[in-house]
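First comes the structure, then the notes that go with it.
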């Protein structure tokens, strides 16, 4: 097992390397970070030249990548534009844990991400918990009551939710629960942010603000997962070993929750483990609509300003997370399914 | 069962961990706030703790708190590191300019005793040397006096090679900045520099805070002060910044012009207009800005007062007249006039902008240098058609689009993705189609649109024929480099900003002349000539005057807004009784 | 002949499946009796309803799509088909146990062998963990699994095919059931392993005095194992006789043909095999007349019109045929 | 196992000119593992040196329990798997070391019938396409019309109504499908057919149909069969000679009746005794040899005689020395120390 | 031929009569039958046809010029008799715009699916059939694309290509070049999932005896791939292709919603929503109609896809 993990991690290195290279190249043409610097004025030409030089954006792209990857403290840069490279670089490169500084706010990328990561995690994990609980409840119940009225209604609703684009669901819920509830004098849900700044970041505030984004994030997944769990359960319930368990005279709950669910859980666990890292990136759309100060919004803000270091940092973090979670999925799978043994 | 329990447990643990993380992430900023608070202990409430609901709950009756809604988050709070409009308008809160501008955009001395002028000896006759006399009572919020050393240090920081400041304009035109004594600063320009009033000392860096950092690290790019300027010189002092959520400023007890009437100002970051409008209407915010015109009636209905603050921005279309790369038709003044006449900009302003602003006649509308005798081209499609016929652009093949010598009059019209601009495009397309000009519409993200020629930016590479955006000159000064021949982007000059590609020798000479004219009236004369040239040749077609819109709730009193330094009198703002 | 008590009495069982393509008439009126400590074999080709019959008795037919249309199954006087699901749970695994064809799929891949064997012990005999463990070890020993103490913690995939079937047997025998239903337990196994299992079942049956119903398609397997043989075709019992009688004196044309179609390992090749024309019937259509009629070499008009009843043709020997194969003419 | 290939032995084995010659054929499947770069760490020795001939018109039975390598042997002989070593010649063509042309010719001459009548027919093709495939591929009948005629003939020959030519496999019963498979194998007029358990997936009443068909076809076209099966009764019925395989090697090879009446290898004896006889009296009176345990993994076959861990008469040397492949009676070959 | 030949002549007598009773049913017909029994799929299919009729038939009712006609005086009007869906921020008729926007959205869905199919099937087929080094290489590339969440990749790529988008004219209509960009970007980022499906299909079908039979017959590799394996893996490809149309439409809407999608004036259901949420309170019709249309078409395509899945593979009940 250790060997397997080691092997997978070693295999991930070239993968991540290639991804970073491709992304870095993609990002070079993604907009000029110093075109306006986020302002309403066009940056003046003298400042453009100077900033390009200072930020190292005048270097050939492969050199920029190299600096990003391995740092530039072994090279010298020409900062005053006299054609002589005299100032030693200070960056240590991704390989040494330095993701560089954001072009937008000059903060270290790790700090920029770290400020937002917990918010995203909070939202995502709550959503994931909702997803799991409801999907399991609905999925198992509708599998056991296959073709019942409940099953049919749930199937229709899940399809409806599954097909609805996130933003449409968000807009509709906002329209109903925030706009109209307020109009009708009912207690209405907040639509923006993580808490009222004046009220402070109290757990109650955060929980209250999480209602709509969590619902928006979860509904599609609940629908999808519950369909998945339903079919996995149905498949498991149709297996010979379930018949064997019945033939042994086991009570129904034991058959359902131990014999069937343990087998049905295998593909579900994999899917969850593979979906989790994607949640890390935050549902971009959800965070955008509800103004949730998470990774998704961070990504959008910095993409729109061509902030390569931050965007690269976010993407590489997610890539690493995906790799790790894929590995975790494999390990979990092996743990749950004794037939699988990695060597 | 086994699975469910363990999965739940797993999730529970994850949620708990993430909550802890969410909690842990905060001390990053408070740590910075508390450090100076410990040394200096200014009257910054009590050490602001996170879990405690700040102030408002403690003494709701006493503390006066105002909430501003910003649709973009500050990038940095160092005045020299940002170009961002939202950051720069906020500077009067926590930082200070040598002089700021009142609601009539007249300079008001703030750090200096009076504005330098030839009369008071502050300005040399050749316009090269400026001598500033500092006030005696100016202090940083930690009590340290503000001296000439801070000015010299600020100049050094702007010019330091390892500091990636946003702009060196106009400091790179200076020969030197010296402190004659603690209260006297002398600035020497290499050449006479007329627009100095508008561009000098837009912010000050505290030498006593940043110098040690600069000496140690060689740069202040990463200084904590940029994110948490707990030492400031504005009426308010920075207190806390929660990334993605809000920034809080509290009253500066040591402010030399008197403690502000408000105790706290929150800047709340909401990511979009709708949320901003909702918050303002709900009374969750006292001030917002950057509205779409269509939201104004609703805001007013909710009792929000709208203030149009002209800051020099005039939306307009630059014509691509590049010698080689432009559309041949646009080199003909008649065609450009025809476009001006065919586009009913008044209706556009009336309908899309709800008549809240005016059609811009010149690039200098609403600056002191404006030529009031010029009024916008009228809407006259018939005359436009006539001019086009005259110019030889007729629809010879009956496809509804005029052509000449086999070239169709199809113009590529590009702008950014801002909604009002895209809407304008759609309207323009329809109106120009009526006179036989076809528009090919394109829109780009700002950082792509404004990317330099070297980056193949849409506005700079001459691939478009009509380029719409609004760019302010160095408001309130009219100086701009957008018309200089030397600024035409090319392989040799990949960062040029002359997006029209126009090189008019006469215009070029006039621009160079105005920059050295220290005398106000002479400069106005020169600008009137420039304005007339641009207007009559239709080098630029104004669409609308683009004021900054501020919405202020009735809770706030004494609110005045300046176009240059919007919050110049923020210390007088108060909650209405 | 049988003075032993009847333990299982099946009367006119009919089971159908409602599937997308229509209704499958799987079992069309099966009656049979089983005595204590007796071994009977149900023989037939795939789809003849032999497994469905016993699954119906066990209440293991998924409903829907399955449906038990009629019939009774008396186990020691109680009609199993009339019992509630909860009542059946007490019978299944305790009184009637079942072993399935494919021990790979019939064992839960994610639970240890030991756990699966101990389940009936816990459920039916309320054994505590330690006692159950002890009993599992005994059971595994009994079915010939070496090193049961350690192997009980193995998962099914770690067992070979033969061992898995032994484990299945151990599981079925856990509560010392009165009736063991073995549904083609050796079909998926090699002959040498099959011999092992048959030998094991025979030994255990004799030791525990257990009634065994052995479902198979292999006439050879049955010969040395069962006392009585029931031949099924198209959801019907077509012939029923003691094992010696059936092989010596088959009376139904189908049984006759089956035996003739089998090559014999103990004989030199003397002839072509006799093949039965056509294919087993499509049970989507309710059989009309004798279901074997289309393939029967003795077929005559009546066969196509009427379904023959199960008639006694000799002592303890019944066949469902209008034709007297001994005398070469139809019955009167 | 052995690789004694003295020419004399060969001559002794064969009286007539063999159509198929297999010489010390081996097929090992590599097992790879590695940290980053995978290395071969061992191999599954599915077929580990088999030698036999099949005469023209003869049926050779290849029997053994599942996993003994008989299917791999059949496929390797046809060249569907590349051989690890050794040689297989079909009608003079070296299956593994010939040029494309020769291989293409071989594909016409040698055909295969599969065990699973469901998996071996492309469910998306009509009967016409399936049976006509060899005709099309080998350009025997490029014209679709002519091909359809020939397909109809073949269908008639295997007992299928030619009217069903445009039907899909799923519309047929198992026995009928197997006949489609037979017709496909016949299409290119082959001389040699590997029948890989062609009847084991069929119902008893259908098995006889297919076996009889195979026999008829052999008589009619003078076909040569390699009949792979685990059903020893059927093998006795259909085969002329029988080879018994165990763990990748042949342990005994003899004329049919000789083998069944005088099995010499203890494994053959056990195997035969385990086969049930549909005769209660005889079955009860038989002395069964019950083998202990299961077939070991071919990844690590036991040293010496591969059967020794389960052999009731194993001797000391059995675990050390591989028994020699000997002809103990004319045409009766066996590899056992005890014989 | 129905005549019974003597037993010695063998097997002709063994003809099974029951086969002749059933009418010949191709797999396609069987699929169609099963599909017809799927209620939701039928509903979806009808809905889908109606939506396509709406988008393409509507063009006969409203001209494109009308859809792009601005009437600044009549902006943001609520649904009325004259403008059943109301008007947008420059007074264009939303009904007409949803018609033309629908065309583009459907076009994007279909062509993005085609791009995805071409890449996905090729990569999956090559990878699954040949295995070995090619397989590892292709699968590493596939992983590399999968490792970055799609929406991130989409945004980055949409921005990457946004720099160079001339408008294009097809069939006398001018489209924003970003349509092509979006199609490519969606196609290029979605194929890995399909490639994996196709690969696993190839891997499992490759092991079938009929492939061995084809090889034993001497059928060439190309023929085995294209005539044997591909037709047998078509079911999941069709299903996933169908669902891809839905996801491409949604993805376009996401990117447009985030402001990086198809640029005006070319309308799509997605970019009609861009900025519309600023009017959530004031002009609900701005976001409601295009949003509801997207939800509807995605729903009906998903229904159809689910029906196809069941119809093509009666054993699978997976979502």
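When the chains are written out, they are named A, B, C, D and E in that same order, and each has its own residue count from 1.
Assume contacts are C-beta pairs under 8 Å (C-beta built on N, C-alpha and C of every residue); 3 or more make two chains touch, one makes a residue touch a chain.
Quick caveat: nothing in here was measured; it's all calculated off a predicted structure.
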{"item": "Touching chain C and also chain E, the following chains", "value": "A, D"}
{"item": "Shortest contact path, chain B to chain D, counted in steps", "value": "2"}
{"item": "Pair of chains ranked first by number of touching C-beta pairs", "value": "A-B"}
{"item": "Most remote chain, CA-based centroid, reference being chain C", "value": "B"}
{"item": "Whole-Å gap separating chain A and chain C, where each centre is the average of the chain's CA atoms", "value": "55"}
{"item": "Cα-centroid distance, chain A relative to chain E, in whole angstrom", "value": "25"}
{"item": "Centre distance in Å when chain C and chain D are each reduced to the mean of their C-alpha atoms", "value": "32"}
{"item": "Whole-Å gap between the CA centroids of chain B and chain C", "value": "88"}
{"item": "Residues of chain A whose C-beta touches two or more other chains", "value": "29-31, 258, 262, 288-289, 336"}
{"item": "Chain D, residues touching no fewer than two other chains", "value": "173, 175-176, 209, 212"}
{"item": "Per-residue multi-chain contacts in chain E, two or more chains", "value": "13-14, 16, 159, 163, 277, 280-281"}
{"item": "Of chain A, residues touching chain E in the complex", "value": "14-16, 18-19, 22-23, 26-27, 29-31, 155-156, 159-160, 162-168, 171-172, 174-175, 179, 224, 227-228, 230-232, 234-235, 277-278, 281, 284-285, 288-289, 299-300, 303, 311, 314-315, 318-319, 322-323"}
{"item": "Residues of chain E defined as touching chain B within the complex", "value": "68-70, 72-73, 75-76, 89-92, 159, 162-167, 174, 176-177, 259-260, 263-265, 274-275, 277-282"}
{"item": "Chain A-touching residues of chain C, taken from the complex the two chains share", "value": "58-60, 62, 64, 85, 88-94, 97-98, 100, 102, 105-112, 116, 119-120, 123-124, 155, 157-158, 168, 171"}
{"item": "Chain D-touching residues of chain C, taken from the complex the two chains share", "value": "45-46, 160-163, 190-196, 198-199, 217-224, 243-244, 247, 257-259, 261-266, 268-269, 272-277, 279-280, 295"}
{"item": "Chain E to chain D touching residues, read off their complex", "value": "1, 10-16, 19-20, 22, 24-27, 30, 208-210, 212-220, 223, 228, 231-232, 234"}
